[in-house]
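Two complexes come next, and they have one chain in common, subunit A, joined by subunit B in the first and subunit C in the second.
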Partner chain A sequence: MSVPLNILFWVVVIPGTVILGLVACWIVRKVSALVQWRVGPPLCQPLYDIMKLMGKEILVPQDAQRTVFMAAPLVGLAGVLLLSMMLWRITVAQTAFIGDIIVAIYLMVLPSLALILGSSASGSPHAAIGTSREMKLVMGYELSLVLAFIVVIIKTGGQLDLATIAQQAPALSISGMLAFLVALLCVQAKLGFVPFDIAEAETEVAGGVLIEYSGALLAVWKVMHAVMLVALPLFLVTVFLGGFGTTGWSLVWGIGKYVLIVVLLILIKNTNPRVRIDQAMKFFWFYCGIALVAAIILATIGSYYGIGWL
Partner chain B sequence: MSWKIWSLKKSPWVFHVNAGACNNCDIEIVNLLTPKFDVERLGIKLVGSPRHADALLVTGVGTRQAVPRLKEVYRQTAKPCVVFLVGACSCGTGIFHEGYHVEGPVDKIIREEDPNAIIAYVPGCPPKPEAMISGIVKALSAL
Partner chain C sequence: MNQEELNNKLSEIKDKLIAVEQPADSRIYLTCEAENSYAVNKFLFEDVPLRFVIATGIDSDDCFEILYHYAYDETGCMVTLKAFIRDRENPAIESIAPFMPAAEWIEREIHDILGIEFKNHPDMRRLILADDWPEGIYPLRKDAKKPVKRPDGEVCSRPIVQSQSPARRTVELSKPVVAVGPFHPLQEEMEFFQLTVDGEIVTDIDMRISYNHRGIEKISESLQFDQVPFLVSRICGICSASHPLAYVQAVEDIAGVQPPERALYVRTIINELERIHSHVLWVGLAGHFIGYDTVFMWAWKYREPVLDLLEEITGNRNNYGNVKVGGCREDIPDELTPKILKELDKIEKKMEMLTKAVLDDPILHARLKGVGILTREAAVDYAVTGPTARGSDVGIDVRRDDPYAAYGALDWNVITQTEGDVFAKAVVRLLETFESIKIVRQALKNLPDGPVTTEVKEIPPGEAVGHAEAPRGETFHYVRSDGGNRPVRHKVRAPSYVNVPSFRASCIGQHIADVTITLAAVDPCYSCTERLAVVDQHKNVIHDYDTLLRLSREKTARIKKEMGAPELKMEDL
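The block that comes next holds the complex of A and B.
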């Protein structure tokens, strides 16, 4: 890429990611509507929602810890934007540093952490229930997610930088496939999609963690969620499915892989009822744990004896 | 028309307040969200918290027990917001007129809280979902 084009790319990449995220939000709502035999919202609906929330009054509860309450959405948005920037850098510029998969894992925790901080600062009992559920959920899926990435690291021969991992496709083996499926479910929980939307459960705790947010702060949460909808599937593509090309057929193939992951997430969302928090913990620690231990053993045997498909 | 009002018309999120209704209007409101009427294509979404809402769908006469809560919910709604009075009871107390438990028509209670509140009336016992959609469209085009 020539220098002016390169600079232009890095200028438009953040607004571009946000717009892509809003489109992904629309895809989620539209496909859900089609599954339920409805028409669904128009393409610009997520944009209208954000615009409307930006124009509304911001209410801060009397008991809230004001600074944390106002800063938490911005921290979450900053974390997830940084994650997407790292992924674009690996995808487009093919540059990475050793250990960036670990940095990415940390950045992926940041939105949930910001959500926990913001909602516990709001001083609302409903938000407190939501916070406690979100905390348990994070502890539940984070272990499985890290174990799934350890499978990838073993499969790729101890590589710790994403650009090298993205050259290979660990999901094309038994252990890699197991790890990919578990990581997909962890991403489902990270996005707060239906079987794991325990923290936001609108019918039980009336919005849970987000209950006290209004106006522009709620809009920032919505934008954060939209960007997560781009960054997390893109991360899965980079780690498990052999990355995203930038030219010709590899670009089309990369978009295909991204759409495949998003559609899988939407179908899981639309065909499952919400689970209780104890069921979610049991699922992630017990069932996913067994699958991942099996995957790690297979991957270790495979890399020791040089068997690619294990 | 400012961009705030324009975008409010494009995505009115509603919160459902029961101020002592017999549950008939509430069932019709739930009907509104079924695939047959599909109000999401107009950007209408039912939300769980009044702080997220742009419109309050109030059903019921406004009983003595419900009135303080109704006022609290109105204060918690982020402005600008619209109040929809759904059903004969909330429009003008209906068959419970001058009942011992009735605090007054809901519009009077809302006006006590905020004299400039935007209030739309959808009469009927219960109103049909089509009537509610028509009421929402009329109220939003009057903004």
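The block that comes next holds the complex of A and C.
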């Protein structure tokens, strides 16, 4: 990549990701609305929401641990922006070291951790319940997610480097497909979408983890969520579906893969009620766990005997 | 047990009573002194056994009367026990709440509004009066007329969530408490549930209602008999056909009026359409509460045509104002029948799809089955009504038990389920919509010719009870007339008033996630539950319509001035 292009990349990447995230937010809202026979918001609505929140007062509860409460959203946003940066570097502007799958796993936990920290610092009983639910949820899906990536690592012959993994498409095999489906559900939970919006559960704990946040801090959470809507599906595309090109058909194909994942997420979101936290944990540990153990066994057999479709 | 056996059974306690009157087969009035009321009530509730409906407190001139209304659902008989409290200075009576949880709220309410002390009541906190309401002023006593000011001259604004007085503080602060309310995304109206939690498990629940009094019972005493239906239809936008119907039936009972056949069928049709739209509304809300917004939106979309039909028939989507003493105000024109039938077919088809989708969804099964179980015994103790009772295998339905309007002449079924969980209640409601469609179809087919009103001249002195099956359960009205043109006492009991306290039996031990849907499963209607008391008394300024209009105009003018907009006069337009 030439130097001016490189500079341009660094200039646009963060605002670009945020804007893409807001567009993704709009897609989620619009498609949900269409599924529910509503009209849905205009394209700029997520942006208006953020702008409006930015102008509002920030209220910090009396009992809150102020620093943690204020810093948590920024930490979460930073983590998820770093993740998206990594992914853009793989697809758009490759350099020597861009981090491997382990780093990505760490970065993906950051938003949830930040949410847990921030909400537990707020000192509200509703947030406390939300925090405990978020913690349980993280423990639930994180194991499944890591197992799903192990399948990928086995399928790609022990590769940890994301750029190399992105050259292959592990989902085109039985074990890879299983791992992909489980990872998709984990992403659903990471995004806090129904049926896994347990930590926020508006009608139960009135927003749970986010209940005490207002104004600009809430806006940061919203932006973080928007960026996650870009980064997490993109990560799935990179790891499972053979990555993302920058030119011609491979670009269109890449966008297609991304849209496919987002649409799947939206459909799951709109055709399910919220589950209880114990049901969610049972689902991830028990059902997803069994599926992934089977996938790992299949993948190992496949790589040992050189059978690609296993 | 038939009616005769019931009469024999009641004669067993004759020595405790002053008199037994039976103006009609299905109406029995017993009278006793306050000292005997506990024994008689215990006999009625435990030995007969009757279902407790509500109690009415009345300030008669020389004494206080407490009327305990019971229903015997096998024959549809309403039994009313009147207890006289002769001591006006220190009125007191033995509480019946210790053996009958259903009476807990109403005794607190009577204590609030009439100042009658209930001895041995487990929880004598205020129920409906504001925390800052002064002691010793009882709004429904005949001498409580003047506006009052607090001794210190202070005016506190509501809502006050945590009272300063130790008497009302209920939960020790050392335990973690989750507040659902007074304002909460779960609720459309103000209501306050304090959940004491241990992790995710709810260990105790305390309810506080009455953030929004409108003083319906008090206002009703100042309206003429013919005006009251408009008032009571505004108790609740959804039950706005059943409340006036129950009231009108009570007044017709006093006056001995039999409305024309056609009016009975028109009433049936409007009430059943109301039930369809209310049940579909609940399905949508229930979906929303468990995060299933697609069901929410779809159900409400399917509900719209029903409201359109109601609008076409009565002129309004809600608050139909169609029923009056002696018949109906408006007829259903015959040319509308084919249209209604056509719409019903469409609605039935959509409801079949929705019902199938809801009943076959495995995740809904996981979320709703075995959740918030109200056992049959608890349902009887809390005297719940409507789908809440029928979901717990208590097969009561006023439409069948004490047939009114045209229900006796039509063929339909009472839906019951045995499980008592949230899922059972959902099934009851969904299947009931099909029964309602069936009823409307038959009623339209058999709609007799003739007028819809009969002339009513005077309402003689007397008293009567009227009840009707609202979508949420039995709505009950008691009216007493002294021969004038206004009711001297009008008691309203909406179904939510008995259904909501059953949370104590169904919520404790549940997950927080399940409590919300359990709370919603009885389809609580807070506007119905809170229809009593007069709130403007602690303010000396009473804002009437003109004042508000003037204030509103002044504010507009002020804002315009601040913005520098040119002043616009009526003459310029």
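Basically, the second predicted complex is superposed on the first by the 304 of 310 C-alpha atoms of A that agree within 3 Å, B and C clash if a C-alpha of one lies under 4 Å from a C-alpha of the other, contacts with A are read in each partner's own complex, and residues count from 1 in each chain.
Keep this in mind: contacts are C-beta pairs under 8 Å (C-beta built on N, C-alpha and C of every residue); 3 or more make two chains touch, one makes a residue touch a chain.
Nothing here was measured: the structure is a model prediction, and the numbers come from that model.
After lining up the shared chain so the two structures overlap, which partner does A:L310 touch, if you call subunit B first and subunit C second: first, second, both or neither?
Once the two structures are laid over each other on A, A:L310 reaches no partner at all.
Please work out whether A:L241 is in contact with subunit B alone, subunit C alone, both, or neither, and reply first, second, both or neither.
It touches nothing on subunit B or subunit C.
If you stack the two complexes on chain A, which partner ends up touching A:P41: first (subunit B), second (subunit C), both, or neither?
Only subunit B; A:P41 stays clear of subunit C.
Is A:R276 in contact with subunit B, with subunit C, with both, or with neither (first, second, both, neither)?
A:R276: touches subunit C, not subunit B.
Scan A:G215 for contacts with subunit B and subunit C and give back first, second, both or neither.
Touch partner of A:G215: subunit B, not subunit C.
Between subunit B (first) and subunit C (second), which does A:I129 come into contact with in this model arrangement: first, second, both, or neither?
second
Given the touch rule stated above, what does A:E202 touch, subunit B (first), subunit C (second), both, or neither?
The answer is both, since A:E202 touches subunit B and subunit C.
Tell me which partner A:K56 touches in the superposition: subunit B (first), subunit C (second), both or neither.
A:K56 sits against subunit B, while subunit C stays out of touch.
What part of subunit A is shared between its subunit B contacts and its subunit C contacts?
Touching subunit B in the first complex and subunit C in the second, residues 36-38, 202-203, 205-207 of subunit A appear in both lists.
Which part of subunit B faces subunit A closely enough to touch in the complex?
For subunit B paired with subunit A, touching residues are 2-4, 7-8, 10-11, 35, 38, 40-41, 43, 47-49, 51-52, 54, 76, 78-80.
Okay, in this complex, where on subunit A does subunit C touch?
Listed in rising order, the residues of subunit A that touch subunit C are 32, 35-38, 125-126, 128-129, 132-133, 194-195, 197-198, 201-207, 270-279.
So in the complex, the part of subunit C that touches subunit A is made up of which residues?
Answer in residue numbers: 176-179, 184-186, 197, 199-200, 287-298, 301, 361, 363-364, 366-367, 511-516.
Per the contact definition, I'd like the list of subunit A residues that touch subunit B in the complex.
29, 33, 36-42, 44-45, 48-49, 51-52, 55-59, 202-203, 205-207, 210-215, 218
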